[in-house]
Every structure is written in C-alpha cells, then in structure tokens.
Amino acid sequence: MSARITTAAAPASEWLVNVEDLTLEIDAPQGTAHILRGVSMAVRRGETLGIVGESGSGKSMMLRAVLGLTPSGSRIEGRMSFDDQDLSTLKAEARRVMLGRRVGVVFQNPMTSLNPVRTIETQMGEAVRFHQKLSRRQARDLSIELLDQVGIPNAAKRLRDYPHQFSGGMRQRVMIAMALTCSPDLLIADEATTALDVTIQKGILDLLQQLQAERRMAMIIVSHDLSVVSGRTDNVIVMYGGRIVDRRPTAQLFEPPIHPYTHALMRAIPRLDMDARTRLPAMGGSPPSVFDPVLPAEEADARDRHRWSTISAAIEDPVELAVADVTAADFDTAETGTPVGGSEIASVGVLAAEQQAGIAEGGDVEVATGTLYEEIARADTSTEEGTR
Amino acid sequence: MTTGIRPEADPASPRTQGFNAVLKPPRLGTSLTLIPRLRRRRPRHVGRGMLWFAIIWLTVLVLAAVFADFIPGLPAPDEKIGTFAQRPDLSVGGLLGTDGIGRSNLSRIIYGARVSLTIAVVSTIIGLLVGVLVGVIGGYYRGVAESVANVIANCLSALPPLLLLLALVSAIGASLFGITIALGVVIADLYIRVSKGAVIGTTSREYVLAARALGAGDLRIIVKEILPNLVPVLAAIIPMAMAIMIVVEGSLSFLGYGIPAPTPSWGGMIAAGSDIMRQFPWVIAWPVITLFLTVLSFNAIGDYLSSRTDVREAKL
Amino acid sequence: MKTTLRAIGSRLLYGIPVLIIVTLGAAALMGLMPGSPGQAILGDAATQEQVDAINEQLGYNQPFIQRYLEWAWNALHGDFGTTLFTQEPVTDVLMRRLAVTAELAGLALFIALVVAIPLAMLAALRAGKLLDRTLGLITSALLSIPSFVSVVIVSLIFVVWLSWFPATGWVPPSEGLGQNLYYAFLPALALSIYEGAFFYRVIRSDLTGTLREDFILVARAKGLPRSYILARHAMRPSMTSLVTVMGLALGRLLGGAVIVEYFFAVPGLGAEAVNAVSIKDMPMIQAIVTVCVVAYVLIFIVVDLAYAWIDPRVSVQ
C-alpha cells in the first residue's frame, strides 16, 4: 500500500512529504555517480523524522533533491510530492520558490551559511519580504521576535550586526530563526549540530524540538550521529550507500533484531564509562562508492551485510532485514522480522553475547542506565529472565 | 553462545580491535561540494588544444628566429626584393608579400622575432633577478627590508610603465642593451610583489619556524624551504610577464623608441604598415597576426600553468 | 571616523617618500639624457653661446640638487614652472591635458564595466557551459591584443570600413558634448577592449567562486529568485576584486593611454609626456610624474577605503 499522489480534489492525506523510488545521478569525470538508488520515504505532517547515515550516504542529497537544490547536471527520477502536490508538475524554479517558502532549512556550517558582507537584518528579512511581501518594518519586527525566541539577547540591536560578530552557536540560532520566518510547514535540520561544540549541541537540539512543538511543524533531523536522533524523533531512516537500509519508529530502533548497520553505528558511540583506552569498533573495508553500478536490493544488501559483519569477530547468524519493498506505510506496521526469543539473542552478534556475559557478571544494566545501551541491556536482561 | 570471556581481555573483541572511526568526520566548510568523492574540476579557459597550439607556435617561432640565417631562400631583412608593397607570391621571400620599401615581410617578421624574443627573455631574467632578490629579502626579513621593498615596488608602479620606459630608454639609449635593462626594471615591480607575497606566506608556515628553531642559517632556509615554494608561483607568472614584455617592446617600437631601423621589429612594422593599411592591408596584417599569436601563446601557457599551480586568476 | 582619517593620513604620509624618490629619479634620468634644454629650444642651428645663454637663464648649469630643491620648493607652492616647449605655465597645460585623459579614462572604464559585468554574471551562472567557455576564449584573445594593434583594428573597422567616426581629432566638451563624444568614442573604445576583457575575467572568476559558497545555497533554499541572489548576494563579496581591478585600470589608463592618444591625436597627458621626453622638457616631465604619483596614492587610498566599506570584516588600519 504505497501512498498515492492525490489530486487536489481529494482530501488531504496525512503525508506532507512523499518520495517514491527516487534516483539521483550526476556525471563526473570518473563516471556516473549514482548518489541515490531508488529511495522511498515519507513524512507526516507534524512528525519528526530522523535520517541517519555516514557522510556520502545520500541523506543530504535526498532532501536536496526534493527541494530542488541539487547541483546542475544531475538527473532525478522518481516521484516526489509535497503536501499532495506532485512536484514534477512544477518547473524547477517555481518548485524551488514554492518549497523555499514552505520548508525551512538549517544547514550544517553556521560559519559559512551566512553572507559575511550583509547584515543579519537583511538576511533574515529577505525571504519573508519576497514570499509574503512584508514591508521592511514588518520584517524587522518579525525578525526581532524570532531572534528572541531562539534565545539571542538584545535582538533589536543585533539585527544591524554582521555574521562575524556572532559566535558559532549564536549563528546557528540565527539560522534557525531565519528558517522560521515564513512559518514553514517543514523544518529540516541538516547536520545542524555537527559543526558545533558538544556542549552547545544539546541547546540547539532542545530549541528545535521546542519550536517544532510550538508551531506544529514537521521536522527532519539529519545526522551521522545516532545519539542526536534517538530520543528526539518519531521515526528513523538509516541510509547507507545511497539506499535506505533500515526504517522504523525510533522507539524500536534498538529492539532486536537490530539492523547490523544500525548496530554498527550504535557501537561507534563512545560510552562515558568506557575505559579511556577502549578502542571503538570499526568497520573494515571501505564504503561503497557512488560509482558502483546500481544493484537490485537483495544483492546490495548481501554485499553490504558482509561489510557490516566485520564489526564483530564472529557473527553467528546474519540478521534478517525487513522486506526490501518498504514504503511510507510501513511506519504504521513496524515489521521487525523474527520474534525475539532466547536463542535469537545470538543473532545480533557478539554485542549481545558480551552484554550477556556482562550481565552474567553483574552490573551492565546499572552501567548502561542513562546511555543508549540501556534499552539493549534491559532487553537482554529481560530475555535472560525469560519475560519476553 | 556465551563465550564467557571478559570483553576487555578478548583480543578478538571489537573493543580491542584497531581504531578507525566507523563514521568519517563530516567535511566542514563548503557543504556545497557535490559529494565527498567527486573531484571538483577546476574550470580552465585553456583547453588542451590551445596549449598544444601555443607550444608548437612558440617552438616554430624560436627555431625560425634562431636558424633564420639557414633558411634556404630567405632574403635578408633589409634586402629589397620587390617593389612597394607587393602582394604575396609563391617565392620564399615573397611568401608574405613585401613592405613599403619592398623588403620581404616574411624575412622581417622572422628577424623581428629575434628582437622581440631576445628582449623578452633577457628582460625577464633581469626583472626576475632584481625582483625576486628584493622581494625575497623584504619578505623574509620583514621590518625595514620589507618597507624598502614596498617603497621600491610602489615607486616602480606609481609611474605608468610606458612613460617610465620612455624615460629610461631616452636616458640609456635605444639599443638592445638599453631596452632590455629598461624593460627589466619595469617588470621587476611585478616580481617583487609576487615573490614578497609568496615568501611571507611561506615563512609563516611551521616548517620554516621549525628550521629556524633548529638553527639553520638564513641562507639555507631561503634556498631550501622558500625558493622551492616560489617556483610554482613564478612559473605561472613568467609566461604572462613575457607576453607583457613583447607587447611593451612592440609599443616602444611603434612609438619610434625601439630598436632603430633597419633592424626589423614587429612594433615598427605595424607602425609603418598602419600608414598604408587601407590599400595594402597585408603589410600590416602579418606582423599583427604574428604578434597576436605569440602573445596569445604565452598567455595560454601562463594560464595553464597558473591553473595547475592553484594560483588564483585574480591575483596580480 | 577617526580611524578612517588616520588611515588616510598615514597613507598620504607614506606616499611622500615615493613622490620624492620618483621625482628625484626623473630628474636624474633627465640629467642622464644627452642634450640640454637650450639645444632643445633653439634647435641645431643655434650657436654654442646661444645655447649656453639659455641654459644659464634656465638655471641648467646649477648643481643637480639645487635645481631639484628649487623645483620642489616651487612645486609645493603650486608653481610647476613653464614648459620649455611653448613657454606656457605648466599648470595650465597640465590641467588641460589631464582633463582630456581623465575623460577618456572615464569613458573607457564605463564602457568596460557596462559590457563586462553583465556578461560575467551571465557566464558565472552558467559556468562551464557554452557561453562561459566561448567568452573565456574571446577574452583570452582580447587580452593578447596590444593597444597599438587594437587602435589599428578599431580604426580599420569604424573609420575605414564603416566611416562612422572620425580618424583623429578631439573636440573638448566645452564646444559641444555631442561633438566631444563623437571624437572621444573611438579612443575610449580602443582602450576599453583590454580593460573590459580583464574586468570580465576577474569578475567571472570571483563570482563563480562566490556562487559555490554555502550562503548561496542557503539563499536558494529560501526560494529566492536567481536574479536576486546573483545581484544581491553574489556580487557583493565579489566587489572587492572589481574595485581592485578598477583601481589598477584607472592607474593604467591615466598615464598609459599613450598609444591611443598618439594614434588618434588626442591632446592628452600621455601624448604630452611623450613629447616632453623627446625634447627633455624638464618642468613638464616633473609635473606629469608628480601627477601620476599623486593619482596613484589617491587611487590606492580610495581602493582601501572601498574594501573596508564593502567587507565589514576588513578594518581600516
């Protein structure tokens, strides 16, 4: 049951963004780069979606393809719709202008995202003055209000400043305020906190969540860092090599059967209680190249799985992936594959075994409390006790 | 399948395996790079074809100029082989027709190339020696030396080059020697600025600081660390400067301050030809085309080298 | 404001040693040249006594330093002496000629800008495509054309073939603006060929660099129209190179329009300079040299101030 692109006459569906079978290719000197290989995803109005993956996995490009911001010369195929409007019916410029008003984007690098030779006032006001024909004074008032909301002190005076007079964290707040000027239906935070100090990250993320709740916007949080996404999103998409390899409600992200790649991402997060000399696990080999030919889903999975499996010295049984033909509707029915049972613990590899061993020695649950591993530890513990 | 082994002790455990970040640190900076793995192609105005043309043309020109005396059938440049402004014919001498006095255009162009190329090369060398010396010393020692270098460079550039040249040539004399010295002085300004800038950029780098800390003598540092970094910068500038030299020498000859007749020079030929260009266009056409192609070739090579050495186009 | 004034002041101060050195150098060079003013004025037919008399009168036989200091002292009071050529006060001639050259330079810059900026913007938008590559080749070619060739070509096209404009001559604006432009157009055009190509290259290069910046992506994501982004976001940071290049071009044009003025018989500063050098007209030469250096320093200051105005991160120091 894939979400259909409805016409204007039909009642509005619950899907704000709907992408089907999106493919993105660019010609480069070394050959054709297949950046997106048939991805499908959807976002409901008001929901928060997390997109996780390595750099180069295609997560930013997917969003850019929807927004019409891909580099020139790129070829896009597939169906995209925004608010039930088929985007292919619009010409490129018109589409970009329309989406520019309805989607706010906060990019990764606050140091370079603002024009250094123009004031904050101009940059904050230009979108809303163009799209909604606000006067200069109205735009200014709106800007001050927004800057207040995002926590910039002395907003009225700061409007006349230039970007270099703000610190990194402040600039990112300005970016957020800027993205909200046209009251968008969707806010995209594309690695918005990656370039920031960890201490500032939390503040920004909290701010985003708060704003989203207040305005009932949909939000997409893109990150390579699982910890940013978990706990703040309703659903999660994991991307790898230009494909979506895992999707599920965030609450079930760490429930077995854990996807081996998600698993790998998780394990890369250092824990505060780890020994300082602990080496973080790594995946052997190299990531798939965009120039690799496009393979059908099963073959690609098989190839990738091999790489993911190197994270453990020994992996018992490969994890069963959710069926390749995932669509938007699957978020309703989170298909998690094989049920969890005692012997299946081994199917998630050595981690579970270690956890078991740890638990057997005592203490892992307490240690894991408050960290990402808490869920796993609890799940393993309850399995151990056979309550599942 | 509990292994019963404590995770920390197990050498096969992922925790003790080598550390490579699973997740590569994201690229900061321009997130507009297509994707990390696509090389961004530097736009070049000079295609491969143009470069080859430039090389071939210059080679032919140099060979012709050097071995002019041995080209069979080529008359001397001051030899009258025909009447006033004859049309081109099929003889070697008359290939490009004759000029206003009946001399072979082809011959005059080839011998004129000698003048232009010699002047260009020698004046470039002079300019390089003076300019790089001043620039490196100023850039390396900073302080007073740098101020002096700045003053010299500014003095040289404050005056329009042609005027400076006129004055110098009038003073020294319009001989090969005089003109090359004058041109060398004028272009030294460019070399001073470029080398000073490059040296200042290099000296702040750590390996120079390190060498200094190790007690390496200044001369050693300059020769081993700084000069090698200067070479690519200069390599891009030199062909362009030579193009300028050729043009300026042409201007001098055009105004009558160049090498005196009867030695042919392109600028002089153009000046002479402009008087009769209405009725006899080929007399002026050949030196113009030759000059144009030569300058174009130097510029093309310079463009190519500068795009290879990452020197920004806008830098002067 | 204070810092700006101080910055201007320091740069002016800095220009003084340059001025002194250059004028001294010019005087020295003149001294090296064969011949004396007496010879230049009276010609070959004069007797030695007559030449000596004139030289005595002009103070030519005094020691070099004394002559220089006298000149400098007078110059500071605005008296640049009289030209040896026509016995007119140098200042008058200078002003007249400077006005002509300045007008020519201004026109040439105007033409160059009007042509180069829109083309550069178009090319930067479509970087790498046909328009960009073609223009790149054309400008490479134009940059390789020396001014004495471009005057010939311009003349060939517009005077010989089309007969739209006069071959030589000049009419000052006071005698009719239309006539003035009629005579000024071709020389300005000839000058603008090189400058226009140069401007185009620099602006296009800077623009393409700027267009790759993140804040342009942000502007596009806001849904702003392309023309707006180009004009209001991309051009601004690129203005610094434009200003630099304009400053250089102005410096070049003021004194270096020699060939064009010579060819089109325009009574400008460059032509006068050539004349002065050929007859060793010391006062004239010194005056022209002074003008050039002063103009250079002033342009330098204006450009620096413009940088600070364009890019708020740059502070005037």
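Letters are used for the chains, namely A, B and C, taken in the order the chains are written, and counting of residues starts over at 1 for each.
Everything that follows uses one rule, which is that a residue touches a chain if its C-beta (ideal position, glycine included) is under 8 Å from a C-beta of that chain, and two chains touch if they have at least 3 such contacts.
All figures in this text were calculated on a predicted structure; none of them were measured in a lab.
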| item | value |
| --- | --- |
| Chain separated most widely from chain C, comparing mean CA positions | A |
| Pair of chains joined by the greatest number of C-beta pairs in contact | B-C |
| Centre-to-centre distance between chain C and chain B (centres being mean Cα positions), rounded to whole Å | 23 |
| Rounded Å distance between chain A and chain B, as computed from the means of their C-alpha atoms | 51 |
| Distance between the centres, which are taken as Cα means, of chain C and chain A, whole angstrom | 57 |
| Shared interface positions of chain B, touching two or more other chains | 30-31 |
| Contacts with 2+ other chains: residues of chain A | 107, 109, 112 |
| Numbers and ranges of chain C residues touching at least 2 other chains | 213-214, 217 |
| Chain B to chain C touching residues, read off their complex | 30-32, 43, 45-46, 50, 151, 154-155, 157-163, 166-168, 170-172, 243, 247, 250-251, 254-255, 267, 270-271, 274, 277-278, 284, 288, 291-292, 295-296, 299-300, 303, 312-314, 316 |
| Residue ranges of chain C in contact with chain B within the complex | 17-18, 21-22, 25-26, 29-30, 32-33, 127-128, 132-133, 136-137, 139-141, 143-149, 152-153, 155-156, 160, 201-202, 205-206, 208, 212-214, 216-217, 241, 244-245, 248, 251-252, 254-256, 258-259, 262-263, 270, 273-274, 277-278, 280, 285, 288-289, 292-293, 296-297 |
| Chain A-facing residues of chain C, complex | 213-215, 217-226, 228, 232-233, 236-237, 310-313 |
| Residue ranges of chain A in contact with chain C within the complex | 67, 69, 93, 96-101, 103, 105, 107, 109, 112-118, 126-127, 130-131, 162, 164, 175, 178 |
